[in-house]
Each structure stands twice: as structure tokens, then as C-alpha cells.
Amino acid sequence: MFIAEVVGNVVASRKTDNMDGLPLRIVRKISVDLEPGEVYAVAVDVIGAADGEYVLVATGSTARQTHLTDGRPCDAVIMAIVDTWQTDNTVHYMRSESVSTP
Amino acid sequence: MFIAEVVGNVVASRKTDNMDGLPLRIVRKISVDLEPGEVYAVAVDVIGAADGEYVLVATGSTARQTHLTDGRPCDAVIMAIVDTWQTDNTVHYMRSESVSTP
Amino acid sequence: MFIAEVVGNVVASRKTDNMDGLPLRIVRKISVDLEPGEVYAVAVDVIGAADGEYVLVATGSTARQTHLTDGRPCDAVIMAIVDTWQTDNTVHYMRSESVSTP
Amino acid sequence: MFIAEVVGNVVASRKTDNMDGLPLRIVRKISVDLEPGEVYAVAVDVIGAADGEYVLVATGSTARQTHLTDGRPCDAVIMAIVDTWQTDNTVHYMRSESVSTP
Amino acid sequence: MFIAEVVGNVVASRKTDNMDGLPLRIVRKISVDLEPGEVYAVAVDVIGAADGEYVLVATGSTARQTHLTDGRPCDAVIMAIVDTWQTDNTVHYMRSESVSTP
């Protein structure tokens, strides 16, 4: 999994039948130090993340291991919203309050 | 999934039997800011996208999760045509009208 | 899938039993503009491509979706020989005659 | 698999149901010469590694081949703690004592 | 698959149960021109390769398509020892005698 920020939405009315009703979000991968990067993905959101939230994204066949995405052509899924991100014994991010990297 | 532009076609008369009848399109990956990149793929088009259209491409085993590609040696599939691409609360692309990035 | 040129062969007499009899070819990935790149793979050839031919290669679990590779430790397969490669409404390659990029 | 150092934790209370109870660790990939790199992942720890330990991480569908991760949206798993790392006939790392690269 | 050189070993006594008894080797990817690169992997050796030998490595779910690795959290497997590596109609490597690139 990798940590990403939800940055947008994709609307696609013409798609394979088995993708109907799945919300497609644009996520931007961020580094271990919580710096935004250039890598992004379009992921199915199965938990209802808001714009700007930090989430965990699983990719590949793993993205189909949820009730909503099982058997669908979905190769990236938002499977968690990050509450706390801690490295080197320091909390660098807490949901609803953000602690900047020293 | 990633966003890509359909840029061409591949014809291949000699191929594994179970690929017969599947249209092969060349897609060029574009960035989250809708800039064309160097990465491309050959993808099976199961929804009938036209040249120049923005589409979503799913890869890996995920590409086989459609009726047409199930059980076939297809590792990339065009599974949606993009109607709207919105990041940072701004619509950067709408199908049939294009809004440039500020 | 990606387009590649067949550039060589690998002989391996000592291998897992279930790889016996599968021809192993060296393929060099080429760009959308048909420029040779640095990326290569060893792929199982299930259709009989010749040296120098442009082929399509499928990777990952997808490489096992042919009769010959099913259930074998093969993560790349040559699944088509390219007849025509067309981008931006221009045919850049036709088998047995090559059209250079303008 | 790749070798990585466990560098932190992620807490995520809102996630897909089938991820409940799985510890999420942040791992930083290190090179064959045991130099830390920029690549990291969020991995499920099924063996109880401590911060700072060198571990092996398996990714993709492979990450689901343990009792704890089977059928869950987990695409990276800590599946071993490294005791000894030996290259070029030299032991470069032993658990509980570290031998620096010559 | 890719060609790699076996460069070392990993010992890991604490690991998931279903990895017991599988030898873990460190392999360094080499280029199509047989130059060593920076990419490495930890792979399960199911055929008994020696240090310094050139081998073929399969990755992803493909690495589980052998009797020894089936159902185990193994995402890279040494599935062949290279006898001959030939590109551009020239044999660049033969086992037990090495032919340098012109």
C-alpha cells in the first residue's frame, strides 16, 4: 500500500458495465516524509474519503479484495483513511491536526 | 487505473487464438495535470473509444475482469471514457469541451 | 502489452520441469515512436516470431493465459506479431515494409 | 521480495472491514549494499517485527499468501525478519550485530 | 523473466510458517548486454543455482507456479540457470566459458 492524498474526481459515464456506481477518485502519491510527488492513480473509493484526506491505496489484484470491487476491472482501491503517520518515533501527521516534519 | 489518450492502433493478424477479435489500441499515459508523457501501452478497447479521447486504463490481472477479456492474454484494458477530470476543485477537462489548466 | 523487438535467445537446460519445451526469447522494448530502449525481458514465444520482428508482449499473470503457458512460471509472453503500428493517423510500421517516422 | 527497514506505523481506524486487526507498518526499501533508499511501502506485519529491524517484504498478490492476509486488500506483507545478509561471500549484516560494508 | 546473477544469501529464521525450507538467494539484475545493474531481488531458488551463476528470475504471481512455491508468499523465483545468452546473432555468454561482448 502507499499513502496518497485525495485530490480530485473522475466522471466516466461510458464504461464497462461492472464499474457502475463505483466512485473514481484521483489520488496523488506522497512520500514517506509526506511530500507530494508526481505519481498519481485513479482509484475506486470504497470508504468515502474526502478531498485532501490522506489515504492508503492498494493496487493490482489486491484492489479487488473488497466487497465492492470483487470481480471488477479495478486495479487501485482506497482501502483506509490515515489517522496517524509515525516514522522514527515521531508522529508526522494526525488526522484533523497536522504536525509538520522537523 | 491511469488516464491516457488514445493515439493509435495495432494490427496483428498472427497472435494467440484467444485474442481474435479484440481491438488493440495504443494509449499514451498523461499526467494528473493532463500533460502527455512518454509512457504508453497497448490496450484492448472494450468500450469503443475514438482516437484522441481520454480514457481510463486498467492493467495487470485487472485487465481481464471484463466479459471480452476474461481468460485472455490481455494485461491492459480501456475500461472507461473520461467525461470530466477534476482536481483541486477545478474541472480541467470536460468531454467535448476542454478547459485549460490555469 | 508493449511493443518489442525480438533480439535473441536464451538456452537453459536446467530449469523447473514445467518450463520444458517453451522457447525463451530476448525482447527489447521499443517506444511508441519505435525507438529502441534499454528495457528488455525474457519472454516465452508461443507464436513463432523471428529475430528482428516486432511483437506484442504481455506480462504478469496475463502471460499465463495461453494454452502453452497455463500454470507455468512464465511472466512474459509474446502473444502477437505486429503487422501495422499506426499513431496520429500515420502508419509508422508495416510488416515486410518499414515506413520511417517523418 | 526486497529487504527493507521497519521505520514506522500507520493508524487507520476507518478502513475496509476485512483489514481490521492487521498491523500496518511503514517500511523503507534498502539497497543490496544496505543503503537506505527513497522507496517505501505500507506493509502488513504478520510476524511482529520491531522498529529498526531488517525484514523481507513480498508484494502484489503474493502478499495475500499468509493466513492473516488471505482474501484481504493487502498488497505488501512483512514475511520474514532478516538474520543474515550475505553478498560476495561476505556477511554484511547479522541480527543483533551489524557488520559494515568494507 | 529477467536475467540475474546470484550474488548472495539471506538467512531468516523468523518468517511465515509456509516459507520454511525455501532457500532465499540475493540476485542482481543484469542488462541485456550482461552489465550488472542496481536492481536486485530476494528470490526463492528452486533449482539449486550457485553463487555467480546467471539465472532467470520470474516475479509476481508467476513465482508461485512451481511445486515448491505454490501457495507461499514468494514473489520472485529462480526458475532456470542460463546456459547460453545470444543477442544479435552473437553468443555473449556460455556457461562454463564466458564470451565478452565485442
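A, B, C, D and E label the chains in the order they appear, each numbered from 1.
The working rule: a contact is a pair of C-beta atoms (placed from the backbone, for glycine too) under 8 Å apart; a residue touches a chain by one contact, two chains touch by 3 or more.
Everything numeric in this text was worked out from a predicted model, so none of it was measured.
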Geometric centre distance via CA averages, chain E-chain B, whole Å: 34
Centre distance in Å when chain A and chain D are each reduced to the mean of their C-alpha atoms: 21
Overlap residues in chain B, where contacts from two or more other chains coincide: 60-61, 63
Chain contact topology (line, ring, star, complete or other): ring
Ring walk, chain C to chain E and onward: C, E, D, A, B
Sites on chain D touched by chain E in the complex: 1-3, 31-32, 46-47, 56, 58-63, 65-66, 77, 79-89
Chain B-facing residues of chain A, complex: 7-16, 18-19, 24, 26, 28, 38, 40-43, 51, 60-61, 63-64, 71-76
